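Shared chain: chain A. Partners: chain B in the first complex, chain C in the second.
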Partner chain A sequence: MNKTNPFLRFLIKNPSSYRILKPLLELFNLREKEPYRIWLRFLIDILIDAFGKKRKAVIWMNSMTPTEIAYAFDAIPIMPEVIASIVSNIGLSGRFLSISEGKLSTDTCSFHRCILGLAMDNLLPRPTVIISSSNICDGANKFYHYLSSFYQCPHLFIDVPYDESESSLKYLIFQLEKIFKDLSEILSIPIDQNRIYKIISNSNHSRSLLEEINKMRQTIPSPFPGSEGLSYLLGMNFWSHGSERAIEFYLALKRFIKMMTNFGKAYKNHERMRILWLHQIRPYYQTEIFKILQRHGAMVSFEEGNYLYWPPLEVKNPIGSIAKKILSNIWQGPLEKRLNAISEMIKDYSINGVIHFSPWGCRQGTGASSIIGDFLKENGIPFLLLPGDSIDPNNYSAGQTRTRLEAFLEIVV
Partner chain B sequence: MEIFAGIDIGSLTSKALLFGEKGILSYSILPTGANPKIAAMRCLESVLMKSNIKEKDILSIVATGYGRIIIPFKAKEMTEISCHAKGASFLIPGARTVIDIGGQDSKIITLDSNSRVLDFVMNDKCAAGTGRFLEVMAKALEVELNEMGRLSLQSRKSISVSSMCTVFAESEVISLIAKGYEVKEILKGLHEAIARRIYNLSKRLRVKDKIVFTGGVAKNEGIKRFLEKFFGKEILVPEEPQIVGALGAALFARDFYYSNLMGGKNENKKSMFDKI
Partner chain C sequence: MKWNDFFKDVLEKVKEKRLIPDPKGLIGWSCSYIPLEIIEALNFIPIRVIAQTNGEIGDAYLDPNFCPYIKAIMGDMITNKYDYISGYILTNSCDGMKRLFDLLRFHQKSSFAFLLDVPHKVDNSSILFFKEKLKEMISAFEEKFSIRMDENDLIESIQNANQTRRFIRVLFSLQGRGYPPLRHSEIMEIIKYAFDTERLIFNESIKIFIEYLQKQSQIPIHNDKRILITGSLFVTIDIIRLIEELGAEVAFTDLCMGGRVLEDVNLDRDPLLSISRSYLEKFPCARMLATELRCQRLMQEIERNRIKGVIYYTLKFCDPYLFEAPYIIEQLRKKDIPVLLLEGEYSSRVPEAMRTRIQAFLETID
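After this line comes the complex of A and B, so read on.
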């Protein structure tokens, strides 16, 4: 596959392109929801900062690494996995998957394959440092270590222990303290307690708004579509906690959901079934999945990826509470944690059926899916295991997916 | 007379079936070819001609199979999973498990005591062990598709075929012939491998008696025997297993027709000549 034309690359990596694009996007999306427009602004501003000449430090982080760490150093967090989902959404992932094919097996995570393709095509903002964690994704640390050698930049990794024991917490705190110290040295920025205080407060404010939003989404009919919950809401959950833009986003989303709830409207008005979507992600390229669901009156009322699992952070114990946040992830540790959370979501969101999206390259997701399926079926909850791929459209079979979905919906009805 | 039609547009063959008060009136099976829409029309025309029934006499049509979405003259569409379950329960009352091996996929469906679909599994990603797989193997071994089962039963020995990928299995089979193995021995090995694959897939479900085998591949006695061996149970095959999906569709057409009449709706009638 040919790499991107140098002039096009120059435009993609030029902050002025995004300064021009920003008002155009605003104009083009005037009729879109306010939270979606904030998400676009958030992305564009990040790209302007990350590609700017007098740029701040750019910290690449995988999606389960707490962004509070980057914001604490006034750095720009870049979430390559979210970027890969956007690239797939605009129909360009095939190009970058093809570029990386000589380096990574097609059996591995397509997020990682797409990111590597983007990196090999030199289209991403260059990282000052990369931080990754093994939280729910064992492959992440190895992949990001490879990327750090590719960019010749430092790689700091968080080895997340399995359980939530006292010793695990101590081990994690030890690592996070070292990461703060190392970052301070690498970036030549002293650790600023006042700034950390501010970031923790911002993060808690976002968290409490997300808690309210999740509560409001329990309304019948569903006031917010899961297809969007799995795209920009999830993107903000991964990328924005600790920032002020996150608060602006969640406030706008809360206003939107409140408006929909007050009008007693479902997002598309004909909700016959309420679906819970399991796994953090969905296919991001164009598919008919959500159209099929909608046509049958099935609404994804909630998504596991937006489940609020962590306790409020503690201003007086920022590192300890970030460690607790990491460890409390429902995908981390014994599967009972996830099963309990799924049961809670089924009850809270009055769920009629559960769809577990299972990307081919995601070992964590596929490994647990059949046990979750058995657990739900034993409890009388219709369950569909939907294998597929989030990024690679070549792994999508429209006919099979339609048959699986429709047969499942015929069972739920 | 009240007549209902079911049309099952599969990846390899299209089936149309007319159902009346006395049961199945007539059916027809034709290759789908490149245009499923035309295949559906031809299939329906063929079954109408066979039974000397006019299209206007059909009260409602339900479409199923992979081509179901592009059939314009249907009143409704249902997945082949629900249709095979419904058709199998009609032909073999008390059926609790349906194994359907079609042209491009295989499905195992479990039913409750009221013949409602409880759960199902499908093959993932590739068409290994399906009708298409058998077609390719038949060609590689230079035997007729409908002779494969009978031939394999003549062999005492089963030659293991390790690859289930259609492309790799084809070259493996050719190399086995080159090594001097008999065609019937290789066929037996292929059937064993397909049946084992289905059996392994079924482990995700709670398979109960009676087990009904449907779809074109159910005509292959060799695969049926191996399925019986792996499941340790009798596998029941309807007289014409290929039309079970179309039968289920026709039965759904009847159900929808009456439920629409009860609900005062008039969504039953669509003509193929109006739409194509």
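After this line comes the complex of A and C, so read on.
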């Protein structure tokens, strides 16, 4: 596969392109929901800063690594996995998957294969440093380490213990303290306690807004679509906690959902079934999945990717509380954590059926699906395991998906 | 005569005459980062879980894109092939193992199950952390089986295990000795016995075997096609035999049932800390975040063993090895070392396509 034309690459990596694009996107999306427009602004501003000449430090992070760490140093967090989902959404992932094909097996995660393709095509903002955590998959550990050698930049790794015992917390806190010191040295930026307190406060504010939003989404009929929950809401959840833009976003989303619930409006009329979507992601290229669901009156009322699993951070104990946030991740550790959360979501969102998306190349999320299926069966909840892929359309079968969904929906009714 | 058959005879004779106190039971284990010394100090016999190839049964519990070894274990456990063990220890070696642990617990496949949390990196804090996790593992045993571990037993256990490792290192150094020459595939067959035989019996047997072998002459082998195999769990020795049949010599195997079990525990005042440090600092598996160190160690073995080609073998869907492959292969190619990447199933059979690829690869090596 040919790499990107140099002029096009120049445009993609030029901050001026995004400065021009920003008002055009605003105009084009005038009729869209306000939170969506804030998300676009957030993305564009990040890219302007990340590609800018006098840019702040750019810190690449994997999805479950707390962005508060980057914001604490006034750095720009870049989430390559979220970028890969956007590239897939605009129909270009195939190109970059081809570029990385000789390097990584097609049985590995397509997010990482796409990111590698983008990196090999020199289209991403160069990282100053990479911070990744072993939450929640093996692939990310090795992949981000490989990227650090690709970009010749330091890789700071957070080794997340399996359980939440005292010894695990102690080990994690030690690592985070070291990461803060190392970052300070690498970036030549002193650790600013006032800035950290501010970031923690921001994070707690956006967290509490997310809590309210999640509560409002329990309303029947569903006021907000799971398809959008799995896209920009999840994107902001991974990327923005600690920033002021996050507060702006969640306030806007809260206003929108409040307006919907106040007027008893559903995001789609004729809601007959309420579905819970499991696995943190969905196919990001164009598919019929959500259209098929909506045609049958099935609304994805909630998605586990946005489940609020962490307690508020503590201003007086920022590193300790970030450690607790990391450890409380429901997809990390024994499966009981995830099962309890699923149980709660089923009850809170009045769920009639559960779809577990099963991306090819993802072991961490799909390995538990048979236990989850058995658990749901015992509780009388219809369950569908839906194979596919988030980024690679070659691993998606439209016909098979339609058949499975329709068969499943017949049982749910 | 096949040397591994000869060893098996020696082992049987030693078993007949040696009296070993009854162990408390057998404990299944899955990963070379599990310190067997601890299990033995608690008077259990550790048995490596080398599942039979029941991948089809495992398919009912795990997605098709899952590690075939893990599916095979699931198949064996669910069909009660390991009913004779008193319990098992797994590690968080990979996402698949963590999910296997969940599955086995949910299907109640033993009254004792423990997941040992092995850090991904090696520094003072992780060594101390791993020591804490080893203490938790010991406490779990003590509580479940109403026993207490004695530190002297642990020290003795470490010394016995170190002796096994010394014998295995000597065995590898005797490759080529005797008539017919002792081959690498035979050494690997012999090492397999270490994983399901009571240690003192194995140590005595291998000592007798080595003493016999050392009296045999060394026939000089002028084989320039010296191969190193690196990779994930590697059940089938058939691949090594195939390489030998095709006229090459396997000089080093970086596998969790081969070259990665050779390093002693350096015992100091704190035996548990010694175990923690030594296990974490050994030749790393790809699940550790130690890519550069792994590569460095591989390069050292390549030089030491005059390696002419490398086979990078990974089980299908093994993320740690699949994601590490690009870096390792790049570094090998920079040094003009031919490398062949193979992805395989958990099977005792070498597929024809793989045989062809190995053959073609060996033909390119001078």
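Convention: the second predicted complex is superposed on the first by the 413 of 413 C-alpha atoms of A that agree within 3 Å, B and C clash if a C-alpha of one lies under 4 Å from a C-alpha of the other, contacts with A are read in each partner's own complex, and residues count from 1 in each chain.
To be clear about the criterion, a residue touches a chain if its C-beta (ideal position, glycine included) is under 8 Å from a C-beta of that chain, and two chains touch if they have at least 3 such contacts.
None of the values given here were measured: they were computed from a predicted structure.
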Chain A as common anchor, with chain B and chain C clashing or fitting: fit
Contacts of A:370 with chain B and chain C, given as first, second, both or neither: both
Which superposed partner A:95 touches (first chain B, second chain C, both, neither): neither
Contacts of A:399 with chain B and chain C, given as first, second, both or neither: first
Contacts of A:56 with chain B and chain C, given as first, second, both or neither: neither
Contacts of A:19 with chain B and chain C, given as first, second, both or neither: neither
Comparison of chain B and chain C by chain A residues contacted: C
First (chain B), second (chain C), both or neither touched by A:361: second
Touching partner for A:407 - first (chain B), second (chain C), both, neither: first
Shortest span in Å between Cα atoms of chain B and of chain C, once chain A is used as the common reference: 5
Those residues of chain A which chain B touches in one complex and chain C touches in the other: 360, 370, 387
Chain C residues touching chain A - in the complex, by the definition given at the top: 60-63, 65-67, 92, 94-96, 98-100, 102-103, 106, 115, 117, 119-121, 125-126, 128-129, 132-133, 136, 286-287, 289, 291-292, 316-317, 319-320, 322-327, 343
Parts of chain B lying in touch with chain A, wherever the complex brings them together: 66, 69, 78-82, 105, 116-120, 122, 124-125, 204
Chain A - residues contacting chain B, complex: 360, 370, 373, 377, 387, 395, 397, 399-400, 402-404, 406-407, 410-411
Residues of chain A defined as touching chain C within the complex: 103-105, 107-109, 112, 134, 137-139, 141-143, 145-146, 149, 157, 159, 161-163, 165, 167-168, 170-171, 174-175, 178, 334-335, 358, 360-364, 366-371, 374, 387
